[in-house]
Every structure is written in structure tokens, then in C-alpha cells.
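Each of the next two complexes has subunit A plus one other chain: subunit B in the first, subunit C in the second.
Presenting the complex of A and B:
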């Protein structure tokens, strides 16, 4: 609170607040339009483009994209409705996210612990290599990594989609190392003098001591993986394994000839937003602060 | 030649009697701890980088055995009009995308700093950044739909005729840039906001006593002291922007009439629609080199590593 300016210039403050509120509306308006459309009856979108509230509000769009609608429902026979099993896609996203996040956090925290607390030959060099890896653009890696997955026979499998992220990302190691370095080592030293092994120190002291940082990284990585498109798009286009973003994309291109199934698409879009929205509602401060941290260093 | 733990934290010296054995054991444990990460780094970062370079010297459609062709792919790229036009389109995209993002980001950060420091505001502005590229693209594809979209309905109130944002050859690229500016501005603002927190208050205090206007303070204090943050944001967002793909895959698919055929889209098309792995890899390697050069220039110009504060 820059009291000096704000109190001497109440109008400046009011205008600033108005600008902030307008910008916040701009940030959220398209999302609201999607929510409105998702609840709008498919037949009514031709007459409700400028409306801010759903016309003939219905849950039917959600039911049909999730495969929960009664197959005998006459509304399903309407032309222009796309076909999608979005429940499957959401489930696939959960599996994919879990298959990346759990091993990545475990292996990255092990590596970060070694880089932060143990001395070994080559430590700085290996860490430096990891950091330079962040500079290699994905555009260079995707062709050889795709070929590797093809050679392994891992196309259209969850392990193929998860593998490149599951063992490490330079970011998570860097993030956790910073967190580990930021705490004094007295507890570990005391435990060491008491004869505890490194394994015990890591699992019984380090990890419990840093549950906050681990939770933050878990949230950030989960959001990133939930949203991931390019790699799963290359590896997993089969409906049996396709994740949320890939499914939405293929659902849209299905109807490329006529008008897209907008109400169905927006129902999927809203369902894809909900998990992120929940995380932000419950862990908003944590998410904001950790993103601030990750960019600020 | 093991380096003793010493000033690192675990006090090996405590076990003085078996010191040598202890040191080796610590190093071995450390290697075991980093082994999965090193494995992942080798398999998915280091080896593929070299493999991409190797593939770029071959002619390979994934069916036959790769055939060494030397520099033929690079020679071809020099004469490929589509390659150069996609580089040009990508450059234009970066120019449409980055400056507005920086300006809006700084303005928003200053507003947050001066008007409201609440976390709620900051998290509201962060929402677009936390959504999938595919979802962001769908939101705008729908909102800006020429026939049924909310955006065109609102424009209609002001007598503006319908605009086919994504289907107009002259507008498609600007529209995609605007969509990504929308997605990233809150994030950029958050980074600048953090940078603003690091500027000591007494600098402004002194300026105020000297009678400097708020504008003068912004140009002479805020911007110069924000330089390391600007450098970081610029380097990372330019690298990211050059690799724009998702929004294009979901909306224009390179069209209309190649107006949004950016470089990664073109590489992708060559690799997966035409199965030209060698040629696609050569282009990706050139892009890599290009990004390294651009990043080095930016860091040099902005003296990224130094701060004027210390």
C-alpha cells in the first residue's frame, strides 16, 4: 500500500481500481461465455449469441458428452451433435497426470536432495547440465523422442505419453533444490550424528520437513500435465488413451465440415477447466506464490 | 577422488575412524539418488538432441533405413520458400505477441502494486495462464466465431460488421497473437510484480522528496530497476513464442492460405504429414541455433545478469 500516493490522489486510486476490475472481467469473460454455452440448449445457440445467461438452461450437454444421457433420448438424434466419450478422456487425463506426477516428484526430490546436501564428484557439472537442458527447445526433441517411442512400441500407450516427464524435469529438480537449500541442515546433522543413514534422513526428515514445497510442486506439475497437449497429441491419439486436451481437439475437427457442436465442445471445455479452478480456489495463495517464485529466480 | 562432505551438511567427519569408506559410501548413495533423474536426462534430453542432429543429415521416412545425405537437407532448406515464409510468419507472430504482453504486464503489475495487493486479484489474472492451450484456443474460437460468437454479437451493437477473426488471411495471425497475449499477461504481470517488490521503497521516497512526478519515477526508477525481470521475461517468452503450435493446431491449422503456418507447425507437417524426418529435423536444428543466438543477443543487450541495485 503506497499510502503516500493513494491518499493524496483518491481519483487516481479509483480509476486504477476501475481499470483493474475491467481487466479482471476481460480475463474471465470468455470462460463465462463457455459456461453459459455449455448450459444452453443446442437449438437455442442460434438465438442467444449476445446473451450472458444460458437460454433454455439444461444439463443435457454435460450428460451427453459424458455418455450419461439416456440412449433413447430424442435430443440425441438431432443433427450436428458430435460423438465423444469425454468421461474416458477425463479418466485418461487423471491416469496420465498421476503416472507423471508421482514418479517425477519422487525422483526429482531424490536428485534435488543429493544436489543440495551430498557432496560427490561431478555434482556441479551434472547440475549445470540439467539446467542447460531447460534451454533445449521442445521443437528439437519431439522428433527423436517420437521415434524412440515408436521403436519401443509405446505409441498409443500411457507409458509412452508419461515417460519423458516421469523421471525428471529440470524445473522440478531446480525448484526442490532451492527449497532444500533454503532450510538449515541442523536436524539432518543431528540425525546423522545419532547414526541415521542417508536413506533414513531423506525419507524420515527431509521429505516430512518439506511437505509444503512438495505439495506446491505437485500442484504445479499436476496443472501442467492436466493441460498438456503437444506430446500426448503425438503419442496418444487413440480414443482409448487420448487425454482431455487431445479429445477436445479431435472432437472439434470431427465437425470441420459443418458447424462444430459448440454446446458439446463448451461442455467439454468447462469440464476441463473445473479441476484447475478447484485447485485455484483451494490453494490459490500457494499457486500464485509458487509461480511467482518459479519465475522470479 | 572423492570430495569430502565437509561444509556440505552431512558431517562425515563425525565418523572419523572409517572416514575413507564413509566418503565413498556417501558418493555412491548420492549417485543412486540422482540415477533415475540422470537416466531421464540422458534418454529424453541429451541423446535426442544429438539424435536430432544426426537425423538431420539423413533422408528418412521411418519405413526404410535412414540414408546419409550429408548437408542436403540444409541445402534444401536454404532454397525452400515455405521454410523462410514460416520463419517470417513466426517472427511476425513474436512481434505481435511479445510487446503487448510486456506493456500490459508492466501496467498490470504497477496497478496491482499501487492499488491492490490482494492475492485474490493476482490469482484472478492468473486464471487464463493456468488453462490448457487447447481450452484457451477453444474459448476464443467460440467467442470470436463469425456467426454465433459473443464477440461478434457485441461488435454488432456498435454497428461493426461480422469479422471472421480466425478465417481472415490478414487477421488470423494477429488474432492468435492476441489470444496468447490474453493467456500470458497475468503471468507476466505476476513476474513483474515480484520484481517490483524487490525495489527498495526508499528509492521512491528520495525521488519524491526531490519532486519527481510519478511518471518520472516510473521511467527513471521502476523500469531501469526492473531490467533483470524484463530480461528474464523477454528471453523465456520469446523462446516460447517462437515455438507456437497448440493454438494453431486447434484453430487455423496453418491456414487460411498458409497465413498462420509458423515454423513448428511447418516442422510438424513435414515430419508427420510428409514423413520427412530428416528435413524436419534439419529445420528444428536451425530453429535451435536461431533461438540460441536470439537469447544471447537479448541477454547481452539487457545485461541480464546484473542488477543496478547492488
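Presenting the complex of A and C:
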């Protein structure tokens, strides 16, 4: 920040800060309400809805949605509490995310390398097809994919949920291709002259050169897959394979009386947010820088 | 004598689905008892959340993985029956000489069509008034008077006087005082969801029917009477009472937050069904009382609804499934369910067991029981074909009346024409 600018226009600075603070409050308040509700005792929820701090703060909501509460606990017998095995759902989300991200990054980078560096007949045409594929609304693909999964017998399985994403997404290929195109080809050409094959060039030169963008893509894809709802909702209804977002949706109507079990629901939501929040806190700046960098190139 | 060749084959497993977590313990107990009596059958109970339940059942029909037996609902079973997904129980009932006269009221008839039977009734519910005892006392209302409220669409009768007295504005004036500010109300006399559906089970059906309205000419009718002036009068009263500040604004209240608003002390009374008894007891910090619905021009009326268990036509274990359904419809099983004080059993002789079980939990549920066992009070849930379309059309019409101030008579007339066109 230019100190001369600040001292000559203190009001601009202050108004700017005020706007930022207001925006921060508006963005963070709903998350705080969710956190506060998660810590509120179920019996106190209706009388403390307008307070900013949890009333009768308790960890019990987290314990019971994670299945860690003692089954004989009398508090569990209250009607209006929903039943869920959220620990299972979180584990399923981890498995699903891993099953998608690892193959996707690998295959997408291979495809991006092929489009960026290798010359083969029809390369540009095929790449054009990929670009066109990004224009297809995802919703159009749900039914054909569902029928395919049903025929394969992959309903309610992890492979069924991961299949449409595991090989590649057009975005990943496009993003990585741009990254690869952005670096000069001299290094690879030198290696090629020295007798390196395509696979060696790919694994020993290209990938190590682009760890930054690969990391960015991994983080972005992980966050997207962690929050993924609709496809797992169609394919993975069974509680054994339910991912986090689907479990929360199911939990919403799990209490008998029709009114959602708010404290439990918020506990689940907070648990679902935590991994993404941690990822963004530690790697967020790097991600933003990485994307900015690509734009500058 | 007991060397059964039967012991050589593994127990048959039948799958059973339900959505109510509160009833899971009761049905697990029933399954344990059933398995004791039928050692060669095991019952696998799965509880699925309401929003996933029906999609699960329909997908199961299509993909061949539907449960053998499942808890069915009056609004859904007509479409299942039409698509031939349910087993007709009538021949099985006749063959095993099951006594079908043991059920309360017309519950058995609700589940039959054209001589076919699609379920054996297991429970029922009615609607009554839940009220905040502290607010009643503060307003000086004697709870004994609540058993004899009357209502009419013109001036709302003693019911309107009651909710007026219980509505308190920001200045502390109640609805009967001069200068009551209907725009700044802190406590509403009545909490009613502003988005009732085509059947208005807990919102408007009892008012309308007690005013002389009837949905149609009976089960499976193909003509509705939503254009009846008696219904328009009822909605007009609701809208006017809302304008006067006695009912919570329709835009602020829907069926999922209404109980929460009552528990938060935003209103003195709420009309709801007997399935909510435990929820109100546990979530309200104040004492909750139950009073019967007000008597309209044609007496006291309450919608009467009941669940039953159906057998899937694609079940591979139909004889075992029938044994389980027969058991669940029997006094023996319903005695078990009644003792858990979650629902009222369909078998007449077990209703008092439920009443006593609720009393042990501190809830006097007499108003629900008296309404449910009085055939002059109960009117049946309108079972028809095309239920989902009827709901869709009427929801839009009622939303226009409650939320946009549309004229009830004309809106209902055009909606009714649309509904009846479905049956053409």
C-alpha cells in the first residue's frame, strides 16, 4: 500500500475498511449461526434463536451425529432427534474424494500433455470436442449416466459414484493444457534429444515443473468433490456409501415430527465445512496466487 | 415329533421399511415377538428418512429391489395400486379368516378399492388444539372452557374470541381491547402454517368440513367440490382473522417451522395432529395442554388418517410377508406399539393402552381419543387418483389466497375446474 496515498485520503481508507468489515460480517454470520446452533442444547433451541451465543452450550450434538454417544443416554430418547451415522458419511466422502481426485489428476495431466506437446492427427479437432463438452449442462447427462450405472450394476457403489468424474473433467484438461503450453518446450526438447521417451519426459520433467498448478487443481477438485451432491444423491442412497452432502440432506427429514432436528443438522453441517475451511485457510493463498499467475502469463 | 425337516433350510428374510424413527423401537419389539412365533422367518427393518423413503420405494419398484413389506400412506397408495405394485390382501384375508371388524371407524375401508384390499390398518391420528398453559393462565382463560369452543365463518364464535384474547400486541393490549395494533403483535392467538396443501389436514379441513364443506362424494370419487362457497367462507375467515392480528402472518409460518414457533412462545395455540404429541411435550419449556377442536355449524370435525402396511407385488416371499402384515394388523402387535406411546393403534381395544402410556408420560390425550373414536367427528382423508396433481394445483391456488390476497371464491372455482379436469 502506498503510504502517501493513505495519508492523503484517510477517509477512503476508513470507508474501504468499513465496507470490508460489513461484507465479512454478512458472509460469516450465517456460518456463525450454524456453529452456534450446533453447540446449542436441543431443548434450548427454540428459546434462544435470536441470541448470538449458544445457550446451554454442549458437545452432545456432535457426539450423537458421529455415533459416539452412549446408546443408554436418556437424552437420546427424545423424540424429534434424527438418526444418522455421520462418521460413516464423512469417511465415505473421504473415500469418494480420493477415488475421484487421484485418477482424475493423473489422467487429466496425461491428456493435457498430449494436447499441449504431442502431435497426432485430429488433435485440434478432439480438443475442440472437449471444449464443446464443457458447454453441455451437467443435468442433461444425469439420466444417461444413471442408466449406464444401472446396467453395470454399479448403483449404490463407490465406483458408480466416482465413475463420471474419475477419468477427467474438461476443465481439468483445459486448465493443465494452458499450464503446459505456458512453459517453454526447450527443456523437453533437450531431454528428447538425449533419448528420453515420452513417458520419461512426462513424469520426470513436466509434472515436477508444474507441481504448483497440479496442487491447485488437486485442491480445487477436492473441494468440489467433497461438496458434490446431486450425482452421489442419484447413485449412492444406501447409508453405507452415502457421502456427506447426501447424508445431510437425508438427515433433514430424518426426525419423525417433520420439523428438522436443527441442532443435529447444524452439527453435521459444521463437520462438513471443517475440512474445506482448513484446506482454504492453509492453502488458500497459494491457490489464489496460482490462478492469478496463470492469468498473468 | 419335533425333528423338523424345516430346520434344514435357512430362515427366510423379509425386508420391512418405515420412515418414523420414533416408531423404530416399537416395531423392533414387534419383530422380536413375531420371530419368536415364526422361527423360520426373520424381519429386517430399515428406517429411511421421509424425503428419501418414497423415492426409494418407487426406484425399488422399477429396479426390482423394493422391500417385501413397507409402511404405506393414503396419499401414495392409489398410484401404487393403479400401477399394480401392491398385493391384493382380500383373498388372503378371506383365506385366513382375518377379523376386519376390530379396527376403529372406517380405517379398513380407507385402504380398499373395488373390493381389493391394499393394507391392514395399523394406526390413526386426529387433529386437536395444543395450547400454552402459561399463556392461558396469563390471559385468565379457564382451561375447562376449552372443551366447548364453537366456531362459524362469520364471526368466528367463541374460538375467535379465545384467540383474540390470547393475541397480545407490543403495547400489552390483547385482541379484544380497543386500540389493539394488529401490525405489531408479539404473541399470536393461533399459529397456523401459511402454506396448507390440498387436504389441509391440520390447518383448514376441520373448519371447512364443520361448516358443511365436503371434499368429494366419498373414497375414489372423481369429482371434487373445492368450489363450494362453504370452503371459500372458511378461507375468508382465516385471511380476515390473520388481518386482525389473531393468526400469525401466513408468510412467516409454514408447516416445518410452525411447531418451532409455538415452542419459541410466538403463539398461544397451534392446531396439530396426534403424531406431534411427544415432540411438543419434549421441546416446549412450558406446560402444553390439549383441547378438542372447536365445534362448527355442523359440529366438531377432524380429519381421520391412518397408516397401513402394504406388500410389494414383486416380493419373493409373499406368504411370509403376509404373515408379517397379518401380525402387524393384529391386536397382539398393536398392543406392543400402543405401549410405546407414539401413535394410536388402529385396533379399537388397544386404544386405551396408548392413552394410558401417554398419561404415564404426562400427556392427557383424551381429546384426540374422543375425536378418533367418534364416527360423527371423523371424516376420511380424501383418497383419490391423481393425488400428486391435485396437490400441485390446490397448493398454487391456496398460496395465492393466503399469501397474495387473491379472492377465495374465484381462485377456488378455477382451481376446482382444473382438478376435476384431471379425472376427465
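The definition used in the following text is that the second predicted complex is superposed on the first by the 275 of 297 C-alpha atoms of A that agree within 3 Å, B and C clash if a C-alpha of one lies under 4 Å from a C-alpha of the other, contacts with A are read in each partner's own complex, and residues count from 1 in each chain.
Quick note on the criterion: a contact is a pair of C-beta atoms (placed from the backbone, for glycine too) under 8 Å apart; a residue touches a chain by one contact, two chains touch by 3 or more.
Since we're looking at a predicted model, the values are computed, not measured.
J.: Touching A:102, do we find subunit B (first), subunit C (second), both, or neither?
T.: neither
J.: Looking at A:82, would you say it contacts subunit B, subunit C, both, or neither? Reply first, second, both or neither.
T.: After superposing on A, A:82 lies in contact with subunit C but is clear of subunit B.
J.: Should A:284 be classified as contacting the first partner (subunit B), the second (subunit C), both, or neither?
T.: Touch partner of A:284: subunit B, not subunit C.
J.: Contacts for A:155 in the overlay, against subunit B (first) and subunit C (second): which applies, first, second, both or neither?
T.: second
J.: Which partner does A:43 contact after superposing on A: first (subunit B), second (subunit C), both, neither?
T.: The second partner, subunit C, only.
J.: Looking at A:94 after the superposition, I want to know if it touches subunit B, subunit C, both of them or none. Which is it: first, second, both, neither?
T.: neither
J.: Which holds for A:207: it touches subunit B only (first), subunit C only (second), both, or neither?
T.: A:207 contacts neither subunit B nor subunit C.
J.: With both complexes overlaid on chain A, does A:249 touch subunit B (first), subunit C (second), both or neither?
T.: both
J.: After superposing on the shared chain, does subunit C or subunit B touch more subunit A residues?
T.: More residues of subunit A are touched by B.
J.: Please write out, lowest number first, the residues of subunit A touched by both subunit B and subunit C across the two complexes.
T.: In subunit A, positions 45-46, 49, 150, 249, 252, 259, 262 sit in both the subunit B and subunit C interfaces.
J.: Can you tell me which positions in subunit A touch subunit C when the two form their complex?
T.: That would be residues 42-43, 45-47, 49, 78-83, 150, 155, 237, 249-260, 262 of subunit A.
J.: For the complex, which residues does subunit B have touching subunit A?
T.: It comes out as residues 1-6, 8-11, 14, 26-27, 29-31, 33-34, 36-41, 43-49, 51-52, 55, 62, 108, 111-117, 119-135, 138-143, 145, 147-150, 152-154, 156-157, 182, 186-187, 190-191, 193-195, 208, 214, 229, 232-233, 236, 239, 242-243, 245-246, 249-250, 263-264, 267, 271-272, 277, 280-281, 284-285, 287-288, 291-292, 295.
J.: Taking the touch rule as given, give the residues of subunit A at its contact with subunit B in the complex, in rising order.
T.: Listed in rising order, the residues are 1-2, 4-6, 13, 16-17, 19-20, 23-24, 26-31, 33-34, 37, 45-46, 49-50, 103, 107-108, 110-111, 113-115, 117-121, 123, 126, 129-130, 133, 135-141, 143-148, 150, 163-164, 166-168, 170, 173, 185, 188-189, 192-193, 198-199, 201-202, 223, 226-230, 233-234, 244-246, 248-249, 252, 259, 262, 265-266, 269, 272-273, 276-277, 280, 284-285, 287-288, 291-293, 295-296.
J.: With touch defined as at the start, can you tell me which subunit C residues reach subunit A in the complex?
T.: 19-24, 47-52, 55-56, 63, 255-257, 259-260, 263-265, 275-276, 278-279, 282-285, 342
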